[in-house]
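Below: a set of structures, written as structure tokens.
Two complexes come next, and they have one chain in common, chain A, joined by chain B in the first and chain C in the second.
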Partner chain A sequence: MNNLSITSGIFILLLLTGPMLMRTPAAVRRYLFYIINIVLYAVYLNSITNIIGILVFVIPTFLYIKLMKKRSAPAWPMIIIVLGMFFYLNGYIFIFLKDSNLLTFKLLGLSYILFRQLDILIQMNSGLIDKIDIVDYLNYLFSFWTIMAGPIQRFNEFKESIYAELKPLSEKENLKCLHRAANGMIKVLVIGLFFDNIVDNALKHYPPYNGNPLMFLSQVKYFIEIFYSYPLFLYFNFSGYCDVVIAMGKWSGFTLPENFDKPYLARNVIEFWNRWHITLSLWVKDYLFQPLFKWLISGILSKHILKAQYLSIFITFFLVGLWHGATVNFAIFGILQGIGMAASMYYRDTLQRKYGKQWYKEYLNNKKIAFIERFICLHYFSFSLMFFIK
Partner chain B sequence: MKKLLNYLPESVRYYGDILLLSIKIIIIISMIFGSVKPMIVYQNF
Partner chain C sequence: MDIKEELQEVFRDVFDEEGIVISNEMTASDIDEWDSLSHIQLIVAVEKKFKVKFQTAEIIKLQNVGEFIELLQKKLNK
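On to the complex of A and B.
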């Protein structure tokens, strides 16, 4: 597979020509978009094995959607098949099958394609999607703006955007889009890279501890560099990319959801995930947390609603951690996020129950407490990221 | 930087905006041609 990067010529060319290509009448736009998406994805797959892999992953879902519409079939059998295929294609299964001769695949944006397929299946099951044709289906799955790393758009939002009659942007709006995209590029290429270099340098020179106190001080110095630089690198790298695609999408008349809202100003882990990778948080809230919570309160935890809530949020964010990769480090990252979410929820509920809602309102307005909470939340997330570094 | 532009008179603000955008584009181009090829971390997930 070729590496599609934010600085690759073809991606920049597509972003810059987007307004010309996409500001065409809706009927033309979707076919033009279809050709671009398919060609771009095929080029980046670069091997017949990968092309077969992706076709096997996405086409059965489309055929099943047709069956769902015709025979009112439930979504869950296909959800299980899609998840199984995802675990295989993404290499999760190889953890259990060492020295396996099974085929391996390198597919661009696989987990984002999975999120979109599940979104369609679940929405179709709930009757929120009426009909879908192959052009809309593949456009949604392989949309070149979001194929690299999101944001995770929902199918109905996507359809609304692709069929909308576009109004020309004013000069001011055009400039605003270009400024945001340029800022995003600078975040990735200049600021993000600056912190990345600090992390790289610290990791390279991190000394092994041999009982020498000077060596210990050197370890502490490099650890502090990594501890504070890696969260900043990750933020500028990912939010910069999101700024570029959201701004250039808007310039082309295509609305993409926001993915960041000053996450390091969050006061607790719940608020943090409402500000960081927002589209992922909303996705897991709708499709993991809520069904799990409903299942728990209708069964084994029917008399313990709060416990069901804490358990659901813990499991949800543990799985978010594992989504990043099937390694022990990502499992620990997930456990820390799960504990952070459940603990934040428990703390909020306890304060409200013990001291009342009016007191809690005053508590929230206290600036000193806000500062302390922000400090703790930032350091907790930074600590959890230490398991995130490869 | 963008906020500083608000102190400029209306008639020159637009040109200031274009100038600022040009500076950003020059920085970006020089980084790209300087072989900077960062990957987006979340691309690997």
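On to the complex of A and C.
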């Protein structure tokens, strides 16, 4: 457990003192957060290598955006450099170079810091961020509310949050926030842990298959336990954590975007990702899927809109898989998400084309079909998660 | 023909519906088919018709048809 996990004393202390931190004058607040964010992140950097790693990762972007402002330089050269550094710092390079002597880094929240840098670069490129100084820049990148695992806030949202004019919350609203945070804690520490234990136990005792049919039965039993418990663990752990952070943020006056909306009720993979890690899906929709799709239909696939759709969505979610971590398993997880997304789109398009839009509406309203689709979607995602387990 | 009328034609083309009448306040939720896929098709069709280019962040920021027209006007005046 690192010092920023949800059960760490210092993180809880920050969440509880949030209302006081947010009620300082805006000019003081930004420096107060600056100190807290940097000290907190620095504590986690337990080696000189890591300190150099993170500085090299974040400082060039800041210098470059100054250049963009002054000389109206385009964002893409820096985007390529940042992606290249991420490729190395987050360990992707070691998929290809095994047993190499390259330095390895262990940097908290790196994939989120990447997304925040890219958000700034792309927004700057269109002149949608008017000014940014080092305090706002680093506060955004290392914002303690979201440094661990999101929700992924955009720079402009972040600025609105941190400089918000605070209105007092009514007693009812206060209680609602604290209630949600307490429920979030229960989701992480009781329900999540409960399913985590089942998974742990099953993984520990998973027997090797030696041709004995009884062994096979035992394997099946443990597999079923993992297959149904791991998705529940992941949901309760992640959405519970988001509940705590979002609710405590709101209680303090710091607005964060929602990240979950009953994902296991989704009827297909597209709907699933609209309900699961929502801020990630929106981020990749804006910055990956849409630009890729646009590029394809303005060029090589201008006569094949449908093919361009399927290809763009597949690539997007393959990369979403890889973004989660630098292993072959995450790549497989990504491929499965990509196939699921493209297949869901293909299924929807085909039904609409074959039977018409009116028929499709009726199809969507059919409760039995909804049940079957939910069942399939849930099992497909659970299956893909088998590659997600570390 | 002014920009709005020309844009309306593009809308009718992309959404394949002759009856569409656009207004400044119109948003994606007013047209059933208007999702992120058709949004991009719309942008590309406008780019082709008016010979302009939209950047990623500009596309995301658009809230309604009025803003779209405004942005387009700005690009055409450049």
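In this text, the second predicted complex is superposed on the first by the 387 of 390 C-alpha atoms of A that agree within 3 Å, B and C clash if a C-alpha of one lies under 4 Å from a C-alpha of the other, contacts with A are read in each partner's own complex, and residues count from 1 in each chain.
Heads up, the rule we're going with is that a contact is a pair of C-beta atoms (placed from the backbone, for glycine too) under 8 Å apart; a residue touches a chain by one contact, two chains touch by 3 or more.
On a predicted model such as this, the values are computed, not experimentally measured, just so you know.
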- Item | More chain A residues in contact [chain B versus chain C] | B
- Would you check which partner chain A:Gln123 touches, where first means chain B only, second means chain C only, and both and neither mean what they say? second
- Task: For A:Gln290, select first, second, both or neither according to whether it touches chain B, chain C, the two together, or no partner.
- Result: second
- Message: Let me test your reading of the model: by the given contact rule, A:Ser239 touches which partner, first (chain B), second (chain C), both or neither?
- Response: neither
- Message: Going by the contact rule set out at the top, does A:Ser384 touch chain B (first), chain C (second), both, or neither?
- Response: neither
- Message: After the superposition on A, what does A:Gln309 contact: first (chain B), second (chain C), both or neither?
- Response: second
- Task: Name the contact category of A:Ser252: first (chain B only), second (chain C only), both, or neither.
- Result: neither
- Message: Let me check the overlay on chain A: which residues of chain A are in contact with chain B and also with chain C?
- Response: none
- Item | Complex interface listing, chain C residues touching chain A | 36-37, 39-41, 43-44, 47-48, 55-61
- Note on the structure: Counting only contacts in the complex, chain A reaches chain C at residues 122-123, 125-126, 128, 285-287, 289-291, 293-294, 297-298, 305, 309
- Query: Within the complex, which stretch of chain A touches chain B?
  - Reply: 3-7, 108-109, 111, 148-150, 171, 175, 178-179, 182-183, 185-186, 188-190, 192-193, 196, 234, 237-238, 241, 277, 323-325
- Query: Which part of chain B faces chain A closely enough to touch in the complex?
  - Reply: 2, 14, 17-18, 20-21, 24-25, 27-28, 31-32, 36-45
